[in-house]
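Common to both upcoming complexes is chain A, partnered first by chain B, then by chain C.
Our next item is the complex of A and B:
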């Protein structure tokens, strides 16, 4: 599998979890509601969307409630299955919002820590019900009959290979170029010396990782001792070098963010384009290089290549994320959002000023839960199979971690934090190939330890998160007086 | 004891108990227009009285009427919507929001505070927000905190917090304001500024009920004084009469005044 395919699936995950995180940010970041049961609305959104779209009698192993079959209800209309699925998604969102009201009315008057614990309890109970009641949604056996909207139409493309390459390849390169341009803009405040030191540190770090991996994949690992040999000596020297260069770079600049951006951009480029480039130069291997460069274009899809369903679905989820982002931004950049933040800061103040805070908290809970429900519907369509184990409480805490890392009460921060979280958690999964398979569990644990360490560092040095709370500006349209 | 003919705030038989402790026991109080002082020793139940009247606490018995409407047991937001607002004894600024946002929060009836309006944004949305911005800026100027408008409220000094607290309740354009020790911990210059502002506002038609421990301030500022002691009204009347009342001297003022 080329890296591009891996990235498409990773980005789809990041997009769906960002949508989930935006919902959490509405509740936690902007309103101060600590809802430890956020995953329950993700689960309800997923199950209800699937249930409403699912045609009856598809499978003999499914013993739950008969689906409503909305996916086939509009069969006569072009794109009818998408329309049916969208209606199902809206119903899934509404169901999530409705359940959140039922949970919220008795609990939301509680003090915030009690609310957190009660919500966690309710989410656990709901998960247990979905897990054990087979008549409902097939219990622990899950649902395999997940409707994937428009999946029949793909891959799409023209009949001509060259035209397809032009159509999908050009935007791919353009987007990569734009990403490089944005990174360059971020990196620009760095002067030459820290930039060089940062580059050196990054390359040394990458080198040491390569050497450690090549050593560990040898027999040395099985002995359980770290024997001195050429490889790990070089690795050690490079590691020390990267630490020294990194420290020197850090002491010479105030722009730690720019330095981090430079380092990650370099590592990414090395990994994503450097590696296939080496394969191309040394072995004349072009497939990976082309696939990575023209990442939207899949040459293996159909007779002349084209846009496959995975790539389409990523763009599809991205459209939802952009829509949700703008929706949440509009909500918080308004007098309504001002009241929400006042509730977060000290609920008694807006209440004493005549704002019915109970109503605001319930609405915030509903809105956040509906977004989680939308994420759930997309999740189900992406995976193609749902069962209750996918909706464990850890999903909520992963989202909290992502929000806190990126920046609480910052919608861009949520997306950034989610990306950082899942790149560490899943993006490093390719490293597993280099290690003997019996270490898979330890490596999975190591990833969580790494995220935990990052969380501690963030909470200690930058409790407001990587980006901190966002700025607010209520747009008054034309003729609006500037607020400054 | 002079009787108030047309009370704005009319409290009858108010009771509040915390477990076995009676904080307020059958209190009757009528408050009219102008500035009324509320004094009494620590623990007399003054703040509990404020909390019961404004809905932060639900009274165990009694009736609270404000501007001829019954507000007994209503939520604080509903009481504030009726035009009765209060300040807090310890100022409650919203620390992570700017002073400007703290002020803009306050005005009542902003259409953009409704979720549907925040999403759809009809014509009144922008008009309302412009009005709110102007009023907030004017109020900041009036209370002389306009130089810190863009600072986070959490960075303000103690005195500025007192002013912000006052500015916020004024922006709700209430009929009556309950002030819970607005001068506590305030330096003499600022104290005079706050008192001047209260007098300005009184002449504009606002009414105040004013908890204060400095009897000289009460004498100068208030047209009427109510004295509370052990959850009851001990007496009320003209400041001069109250000051010379033997029971008040014994319970609160002490011999030396």
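Our next item is the complex of A and C:
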């Protein structure tokens, strides 16, 4: 798999989980409800969307309820399967919201810790039901007949190779350029010395990793043994240098965020473009470099290349994320959102002002759950197969981790935190190739240890997360008169 | 040949309840004194079980030097002791820092969640996700079969040895002696209760409450009389009703160990200065601090005690089920939380009682419901919890 394909699949994951996290942020960040059963709505959204879209009698191994076949119901209309799927998704979201109301009415009055444990319990029970009841949605065997909207139409492209490259390549480069521009804006306040030190530290760190990886064959036979030789000494010296330079950079500047952004941008560039650049410079090989730069263009799709389904689906989920982001932003920036935040801070205050806080909390729960349901529907279409093990309670905990890393009650923070989480959890998976395969499980566990520790460290040193709580559009009437 | 019935499920439930109680006791201490709704509690159970495994079966875990392994008793005791020190680490390295920052309940929940993630993956990292069991002797179940006939109650103890059913013992009770046994035991129980509670007044603090004392002596009297008054067995062909109860030495050990632990905890809470400081801290941390209670020390004791108790629960679960896996603790977390909340989080006694109720209702529920519902064992605990929260959110026992 080319690096660009991996990059796309990682981005799709981040997008879907960001949508999931936005839903959690509505409940947890803005309204203060600790819903430890958030994954249940993800699961319900996924199952209901699949169930509604799925035509009957597709497979003999499926023994659950007969699907409603909405995906084929609109076959006469152009783009009918997309329309059917969208209706299915809306039904999935509605189902998630409905279940959240049923869960919420008895539990939402409870104290926050009781709510957490009850929600966790209900999610666990729902998962057990989906797992055990084969008549419902095929139980533990899962559903393979997931409708993927518009999958028949792809890959698309014009007939001509050059035109395709231009059509999909230019936006790709433009997006990369825009990302670079935004990063540069964040990095700008950094003064020269710490910037240089930070660059040095990052390069030394990457160098030591590359050195270890390239000289590793035969070294990591046993994780317990560390052989002392020239290569390892160089890697070790680089590592120490990186730590020293990194420390110096951190102590010399107040713009820690800018420093981190610089380091991540450098690491990303090295990871994504480093190897192709080396290949280009040493052997004049341009294929990899072009593929990675023009990441929206898939040369292997169709006769003259084009946009394949995975890339389309990433853009598709991205559209959903943008829509959800705007919707949530609009909500929290409205007087309605202010009530939600007031409920979070101290419920008795809005109560005293005559706001029906119970109804607000239920509505917040419904909104967050519907977003989780949408994420579930997208998840199912992306994976193409669902079974109850994909919806374990750890998914909720991961979402909490992502939200807290990025910044609770900050919608951009959710996306950033989700990206950080999945880069740590999946983006480092390429390191697995350099270890014997029997260590794969260990490495996965090691990542989660790292994430758990990061969660605790962030909560201690920066409880507001990387970005902190967001600013709101509403003028709180500093001296002036508020008009709502 | 009698089949297992309600009585068997009841006994199973009692054992489940005892194991839950060991965990719930620790959680209720952490919950009420440290004010942490500890979501890492389940994984602390796992850690305890695997610490004993590391000493019992060192070959199974990489990074542990091979030294042949200790018998399970020694490994269990040492493992529980080591687990106690991990409790101190959690407190000093994590929770004390957050407490000094004045972290709120939500933060504590998330911190404990992070700790849970770390602990479970440490086990996954070191041992892997497979099932594993302790290196110890196999314990054979003995079935105690009860037959109610026209002449009275007849008892047979049956064991499966090398594929064949072997009758180990057989005896019976006439109607008269049965009546006498029950009446005498009840009399002893009530008598002891009266004797213990006659000094009841507002100031009296009983180390063991008269009610528990009465029930315990009643049960002891029942067992003693049943042993003494054994008679000749009756013919069991015409049995009106029969049931079979599986017992093994494991049951006795688990019940005995948890009872001793509870008694020790009781002594500590009611009879020592540390215990008084702990109860004072649970009531009101700020006031206790003003009165000279060293809060940090109390919290350290709480975390160490909780870690010891979880490790005990872990070793007992692993031994009872002959199976350890990294998820074993998490699957106990929900029943434990259910028990603690049901008992009223500030009451360790309520937690123990609620654990027994939950354990019994889980196993009896599985027995009573149709077979296809057996997988919803944990769900039963939860349905009870939700019911309690809706009706009586302060817990069944409230503040004790």
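Just so we're on the same page, the second predicted complex is superposed on the first by the 461 of 484 C-alpha atoms of A that agree within 3 Å, B and C clash if a C-alpha of one lies under 4 Å from a C-alpha of the other, contacts with A are read in each partner's own complex, and residues count from 1 in each chain.
Keep in mind that, in the parts below, a residue touches a chain if its C-beta (ideal position, glycine included) is under 8 Å from a C-beta of that chain, and two chains touch if they have at least 3 such contacts.
No experiment lies behind these values; they were computed from the predicted model shown.
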item	value
Simultaneous placement of chain C and chain B on chain A, clash or fit	fit
Contacts of A:335 with chain B and chain C, given as first, second, both or neither	first
Partner chain(s) touched by A:351 [first = chain B, second = chain C, both, neither]	first
Which superposed partner A:469 touches (first chain B, second chain C, both, neither)	first
Which superposed partner A:363 touches (first chain B, second chain C, both, neither)	first
Which of chain B and chain C A:63 touches, first, second, both or neither	neither
Superposed arrangement, angle subtended at the Cα centre of chain A by chain B and chain C, nearest 10 degrees	70
Chain B versus chain C as contact partner of A:445, first or second or both or neither	second
Minimal inter-chain CA distance - chain C and chain B, angstrom	11
Residues on chain A lying within both footprints (that of chain B and that of chain C)	none
Residue ranges of chain B touching chain A (in the complex, touch as defined)	54, 56, 75-78, 80-81, 85-86, 88, 92, 94-97, 100-101, 104-106, 108, 110, 112-115, 117-119, 121, 126, 128-130, 132-133, 150, 168-169, 172
Interfacial residue positions of chain A with respect to chain B in the complex	327, 330-331, 334-339, 341-342, 344-346, 348-358, 363, 367, 469, 472, 474, 476-477, 480-481, 483-484
In the complex, chain A residues that touch chain C	32, 34, 106-107, 110-114, 116-118, 120-122, 124-125, 128, 131-132, 224, 397, 400-401, 404, 441-442, 444-446, 448-449, 451-453, 455-456, 459-460, 463
List of chain C residues in touch with chain A within their complex	37, 62-63, 94, 97-98, 101, 103, 105-107, 109-111, 113-118, 120-122, 124-125, 128-129, 334, 337-338, 341, 372, 375-376, 378-379, 382, 385-386, 389-390, 393
